[in-house]
Amino acid sequence: QKKYDPGASDTEIKIGNIMPYSGPASAYGVIAKTEEAYFKKINAEGGINGRKINFISYDDAYSPPKTVEQARKLVESDEALIVFNPLGTPPNTAIQKYLNSKKVPQLFVATGATKWNDPKSFPWTMGWQPNYQSETQIYAKYILKNKPDAKIGILYQNDDYGKDYLKGFKDGLGAKAASMIVLEESYEVSEPTIDSHIVKLKASGADVFINITTPKFAAQAIKKNAEIGWKPLHFLNNVSASIGSVMKPAGFENAQDIISSNYLKDTSDPEWKNDPGMKAFDEFLAKYYPEANRIDSFVMYGYTVAQGLVHVLKASGDNLTRENVMKQAASIKGLEIGSLLPGIRVNTSATDFAPISAVQLQKFKGETWERFGEVIDAEVGG
Amino acid sequence: MTQAQLAQGSSPLLAVRDVSVVFGGIIALNGVSFDMHKGAILGLIGPNGAGKTTLFNCLSRLYQPSSGDILMEGASILTRPPHRIAEIGIGRTFQNVALFPNLSVLDNVRVGTHCRSNSDIISDSLRLGWVRRGEAELNKHVHEIVTYLGLDDVAHTIVSGLPFGTQKRVELARALAADPKILLLDEPAGGLNHEEVHVLGDLIKRIRDERHVTVLLVEHHMGLVMSIADHVVALNFGRKLAEGTPAQVQADPDVIKAYLGSKDQ
Amino acid sequence: MTAMLNVKDLRAYYGQVQALHGLSFSLNEGSLTTLLGANGAGKTTTLRAICNMVRSTGAIEFEGKPLSGQSTENVVRLGIAHVPQGRGTFTTMTVEENLQLGAITRNDKKGVVADIERMYEHFPVLKERHTQQAGTLSGGEQQMLAVARALMLRPRLMLLDEPSFGLAPLIVRELFNILGKINREDKVTILVVEQNAQLALELADKAYVIETGRIVMSGSAAEIANNEDVRKSYLGY
Amino acid sequence: MSAVEEVTSEAPAVEAVPKRAMTLGYGTSLVVLGLLIIAPMFLKNFFVFQMTMLLIYALAVLALNILTGGSGQFSLGQSAFYAVGAYTSAILMEHMGVNYALTLPIAGIICFGFGFLFGQPALRLSGIYLALATFALAVAMPQLLKLGFFEHWTGGVQGLVVTKPDAPFGLPISQDRWLYYFTLVIAIGIYIASVNLLRSRSGRAFMAIRDNEIAASAMGVDVALYKTLAFGVSAGITGVAGGLGAIAVQFVAPDGYTITLAISLFLGMVVGGVGWLPGSIVGSAFIIFVPNIAEHISKGLSGAVFGVLLFLVIFLVPHGARQVAIVAQQLIGKLKK
Amino acid sequence: MELFINQVLAGIATGAIYACMALAVVMIYQAIDHLNFAQGEMAMFSTFIAWQLMQWGVPYWWAFLLTLAFSFAGGIAIERMLFKPLAKAPVLTNVAGFIALFAIVNSVAGLTWDFTIKQFPTPFGSSPFLGSQLISTHQAGMIGVTVGLLILLYLFFQFTRIGLAMRAAASLPESARLVGINTSWMIALGWGMASAIGAIAGILIAPVVFLEPNMMGGVLIYGFAAAVLGGLTSPLGAVVGGFLVGVFENLAGTYIPGVGNELKLPIALALIITVLVLKPAGLFGRPIVKRV
């Protein structure tokens, strides 16, 4: 029996999305462009249970008031079924209350903040990627285990993303945080270079460097470290763990032995040359998004999350109500997506709104990441 | 007997005492002193760069003398900021016309009344009763002055396109709107032809007589100065060169040498 | 004598307002002509129209070449110097830079240096102030600078808009001596708008009187000086 | 050396408008007002929300217009005042439970004070130097809002969620419609007060300063006082707009009040016509809708399309909507004859 | 003490970036009497052109020269096409035009070259300079080029006729025309030169900050601040201003306790405003006196 909420019909499913296509965060725009291309592919292949996806994506320039306007437009004017993968913590915070009161799914938000996994207070909001706090907790545990006398210097971006990472790291160290951390440096995205912070970190005598920066600054930091001859044990956040768009520009020789973690396959990693998942990705790009820059890690990100959505919609069958979509999203069991690292699966439940919650540590060697250790379940508290 | 003569002996309305002004290395005024008596028209002449405008600027407190004092009705004006000069009755025009180019003639003149009225931004925004009544009164006053100076035809025109001479008249109107005791006129005859200068001369005298304004007149048009001034001060290189009746000054050999030049030269 | 500048049926406009209503006149090569008129008559507009600084119609020819359609700077490059009303001083630059700018179109470096010295001779106060910011000069000093700057072009035609404005009587006379001299010796043609009609008529060969945008009288300077109305309005005797 | 004011010489940054042209005639005003009152009754809530934002940004543009068109001072720092207003309202509502309507005058007063104080150092600056100073303020504001020191109040980088008010007295209209009419009343009040202000002695003092500071001071205008007052008034109105914005959007966060907002408001003023108060609403419409149109035309090039549209507008009407109004007025005048 | 020296050196290195941009800012200011908000984006675009040429196999110096030529011509073309029609429009309308240009250039670059960072080569190498690990040879080279440019610009404005004409055209176009200056072309020339200098700045900065469409956002703010601090009329001021801002912000970030880091930029800007309040024409600008 067919059941529809606004945005769904026999022929189409309207999916809303909000992305910063313009303004300082425009680098993320490719995420939605990739998603759009992926839905084109799905539609070309017959759609979802016979229905075409109508992907409506709006620009909010990363400005929360604009996000609210666009979200309301999606819900009230375009009548989209769900708002899918809107990007950024502040924009998502701005619309969370509204979407929950309207009972519109805010599905697979494109930010790793920890707060999206809160089904009790916000049953209509669900995260996607491993959350920032758990990632740095993993680093913290690693340090406690392997280098208990570390003197730690941290560089983080002064916004929600940096602070979330920072919090996770400190939580991970627990009581030892105060004694182990010798310097916490923050930078603003408006700074042209972060050289002076690196100089300061080196001078602090730190021998472990927690690098919580976005790609450009990560590359600057890696390069500057080499230039001033600072060789700490270097942890780099997953946000910037891209070989093609960070390690290579920063110089492979400068990036050796950096530790990071990942849940996605790196498109520049020769390891996946013959991997079927990667091949599918390349075929998709060639056919539906040829102008894409495949080394851009956001392309892979968009490709993956779009598949997550397609899975949920398929599972919803003919019952395309918002409630059912949310229900299906909350009951993904062991979904494998070709672009996820081996052993990492998508899992959700009525009490677990964190679809991807596992990562694997990796170390940069030569020109590739070498993964090591187990796949670690990274759910905070879990 | 002129009013000026009547007033002689009593204390001066305005007294310039030993005023000097220095710009970097340039001494623009060097110990200048003179008095102005109520009801007089005092001519101030001197070669270019003698310091006449500089003296005006001291009187309206745009410049700070490096020494000396300026007394208005016995009180020094040097402690006053520039915007509190108009309220003690010193009004001026500018050598090179300094109107508010984007405002109409009427509004230019209205600004002239600024120091004679008071209201605050809140009452103004709410257009309270007393503000409205004040504006009405002010409008009457402003229109009267505009008519007095024959500016009715252009009253609503934006001043920037007006002929130069008309602009000078608007400046005069704006200065008069504040009911000054002393009017400082910096080359009001510039750009006027002979006939127009004559009309202007009459106007200045009328203003003095009818509106009881004392006038300090800087002018290179000797005909005008000689015909209307009661008293003339000549400056040269920032110093006072001569002082006296127009006839005396005009005949002063120093003044002739430095400023007038002899006819047969 | 040939006509150096020929103006026919000149009309000029400020926005919707017409300021000149069909002026025609000509200047002979080497002549010194004066333009008289009341406040707002259109004298300034006439000079501005010759240099294409206002919207105008009609024919202006300089040495047989039409000036209409030429940009102001090209008109100047033909050798027409203009001392504008209000002086147009480059107030933020030094006195000397102002003079150099007057000669900016010239290529003879030495000649320019010599001419600057000559200007300093004409107007010694400018020499004293040569490094001073021009905007801080007194009104009269700036007027001298404006005339000197125009002379720096080594013009063949000079348009002067009330050059005696704000000048002390002594300097006015000197200025007119200089103008007379360059007119006679350097054969510079001069058109001068002047309120000091007496001096101007003394010096000029020819004069025009303009009223509300029309020429109402023309003739030799002597004729004009003897006209009743002119005597009354402009000379005062 | 005498105390000559060393004023940096700048061509007046502002092309001024004659005062009489600063407002609309009665007839037109009534038509516009009628539209503003009736239209929302027939619109979906979302469009009502957009119209509310339209009024709010119009207020902010108006405030800038008073500062720039009125007193000739340039400001790229309006986003900072907007932010202070927004945070004031949000904090008062969320932390102290103050009624939303009461927070607005408080936001206005606080911003007035802030603007007035900021105007003090700005006094000595003009033109580009003033632009830089205000720009600095705009750049600094989000960082100040993020400061850990204020985090308890501001919510730091996370911002604050604000509760949307219901219509009072059980009026049977939606929250959005109620907020719209509430905003409309405030906007009209402020508009009328602004028109009054510019037509008064104070307004003339502003404009005199804009046109010629030295002459204004010789006429008895306290240049320093009126310049800072202009900043204060402008900031105060912007603060009220910010407060309304916080209530309408239901969220405040540092990222909402970056320099981009200040630039938008500036563009709104230019498009509406510098110094022409009714243009504020046209300018506001431009900054709200044109980016939407641009992204509709091309996502990847939305910035470029926006730039091209902006160029088209300023090529066609370099004086902004005011120019359209003048042409229209002339046409109507001709038709009447 | 070592930290102090290190921070000063790091500040000088970053300051070189600001100084470079500030020179371009001064250049355009002298030509159009205004700041061009799109200048950073134009520089970024030029740098991408250089990068693209090198991707196509053009050797560094050829790419460099071609980019300069392209930027010069591009600057002139932009002025002719977009800003000449606005010559009679109010100043603020022109500022709106700069913002529009900013949006266009940024967006086109983003679409053409996307937002991933690109490595940009340096002709000076990036080994430690004179054995000091705080300044690389690239940064030293950058300081050298900046100083060289500064000298050229100074000579240009003070001693060439065209420099004088350009200043005159910017400060008082009407009078400039009256002395025979083709004001309109002076402005175009100014755009061309500013654009070329911007290209040099971009090419020098890119190896440090990595090339991407938003690379100039922060740099331009600092470039403006540096130019204004030094005095917009003075190339020397721009360079000194750049170094001062660089050093000061680092020291503020390091030594002002508590708020230092998060407020580095606001504190630096506040300092600049303080300087301006005391010295309105900037440190090296000639004070302009207005009189009546």
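Here the chain labels run A, B, C, D and E in written order, and each chain numbers its own residues starting at 1.
Quick note on the criterion: contacts are C-beta pairs under 8 Å (C-beta built on N, C-alpha and C of every residue); 3 or more make two chains touch, one makes a residue touch a chain.
As the structure is a computational prediction, the values presented were derived from the model and not from experiment.
A.B. asks: Based on mean C-alpha positions, I'd like to know which chain lies farthest from chain C.
C.D. replies: A
A.B. asks: Counting C-beta pairs in contact, which two chains come out on top?
C.D. replies: D-E
A.B. asks: Farthest from chain E by Cα centre, which chain is it? Let me know.
C.D. replies: B
A.B. asks: Could you please state the distance in Å, as a whole number, between where the Cα atoms of chain D are centred and where those of chain E are centred?
C.D. replies: Comparing mean C-alpha positions, chain E is 31 Å from chain D.
A.B. asks: Measure off the straight-line distance from the CA centroid of chain A to the CA centroid of chain B, and report it in whole Å.
C.D. replies: The computed centroid separation for chain A versus chain B comes out at 74 Å.
A.B. asks: Between chain A and chain E, what's the gap in Å when you average each chain's C-alpha atoms?
C.D. replies: Roughly 35 Å, centre to centre.
A.B. asks: Averaging only over C-alpha atoms, locate the centres of chain B and chain C and give their separation in whole Å.
C.D. replies: The computed centroid separation for chain B versus chain C comes out at 30 Å.
A.B. asks: What residues in chain E touch two or more of the other chains?
C.D. replies: In chain E, the residues touching two or more other chains are 103, 106-107, 110, 221, 262, 265, 288-292.
A.B. asks: Out of chain B, which residues touch more than one other chain, so two or more?
C.D. replies: In chain B, 23, 53, 62, 94-96, 98 touch at least two other chains.
A.B. asks: Residues of chain D that contact two or more other chains, please.
C.D. replies: Answer for chain D, listing residues that touch two or more other chains: 4-5, 9, 139, 143, 146, 214-215, 300, 302-303, 306.
A.B. asks: Where on chain E is chain C touching in the complex?
C.D. replies: Touching chain C: residues 161, 164-165, 167-168, 171-172, 174-183, 286, 288-291 of chain E.
A.B. asks: In the complex formed with chain E, which residues of chain D make contact?
C.D. replies: Touch residues, chain D against chain E: 4-9, 11, 13-15, 68, 74, 121, 124-125, 128-129, 131-133, 135-136, 139-140, 143-144, 146-149, 214-215, 263, 266-267, 269-271, 274, 300-308, 310-311, 314-315, 318-320.
A.B. asks: Please output the residues of chain D touching chain A within their complex, sorted ascending.
C.D. replies: Residues of chain D touching chain A: 44-47, 49-50, 53, 139, 143, 146, 156-159, 161, 245, 249-256, 258, 260-261, 288, 291-292, 295, 299-300, 302-303, 306.
A.B. asks: List the residues on chain C that touch chain B in their complex, please.
C.D. replies: Residues of chain C touching chain B: 14, 17, 36-40, 85-86, 125, 132, 136-141, 143-144, 162, 165-174, 195, 197, 232-236.
A.B. asks: Taking the complex as given, what residues does chain B use to touch chain C?
C.D. replies: That would be residues 23, 26, 46-50, 52-54, 95-96, 161-166, 187, 190-196, 198, 220, 222-223, 258-261, 265 of chain B.
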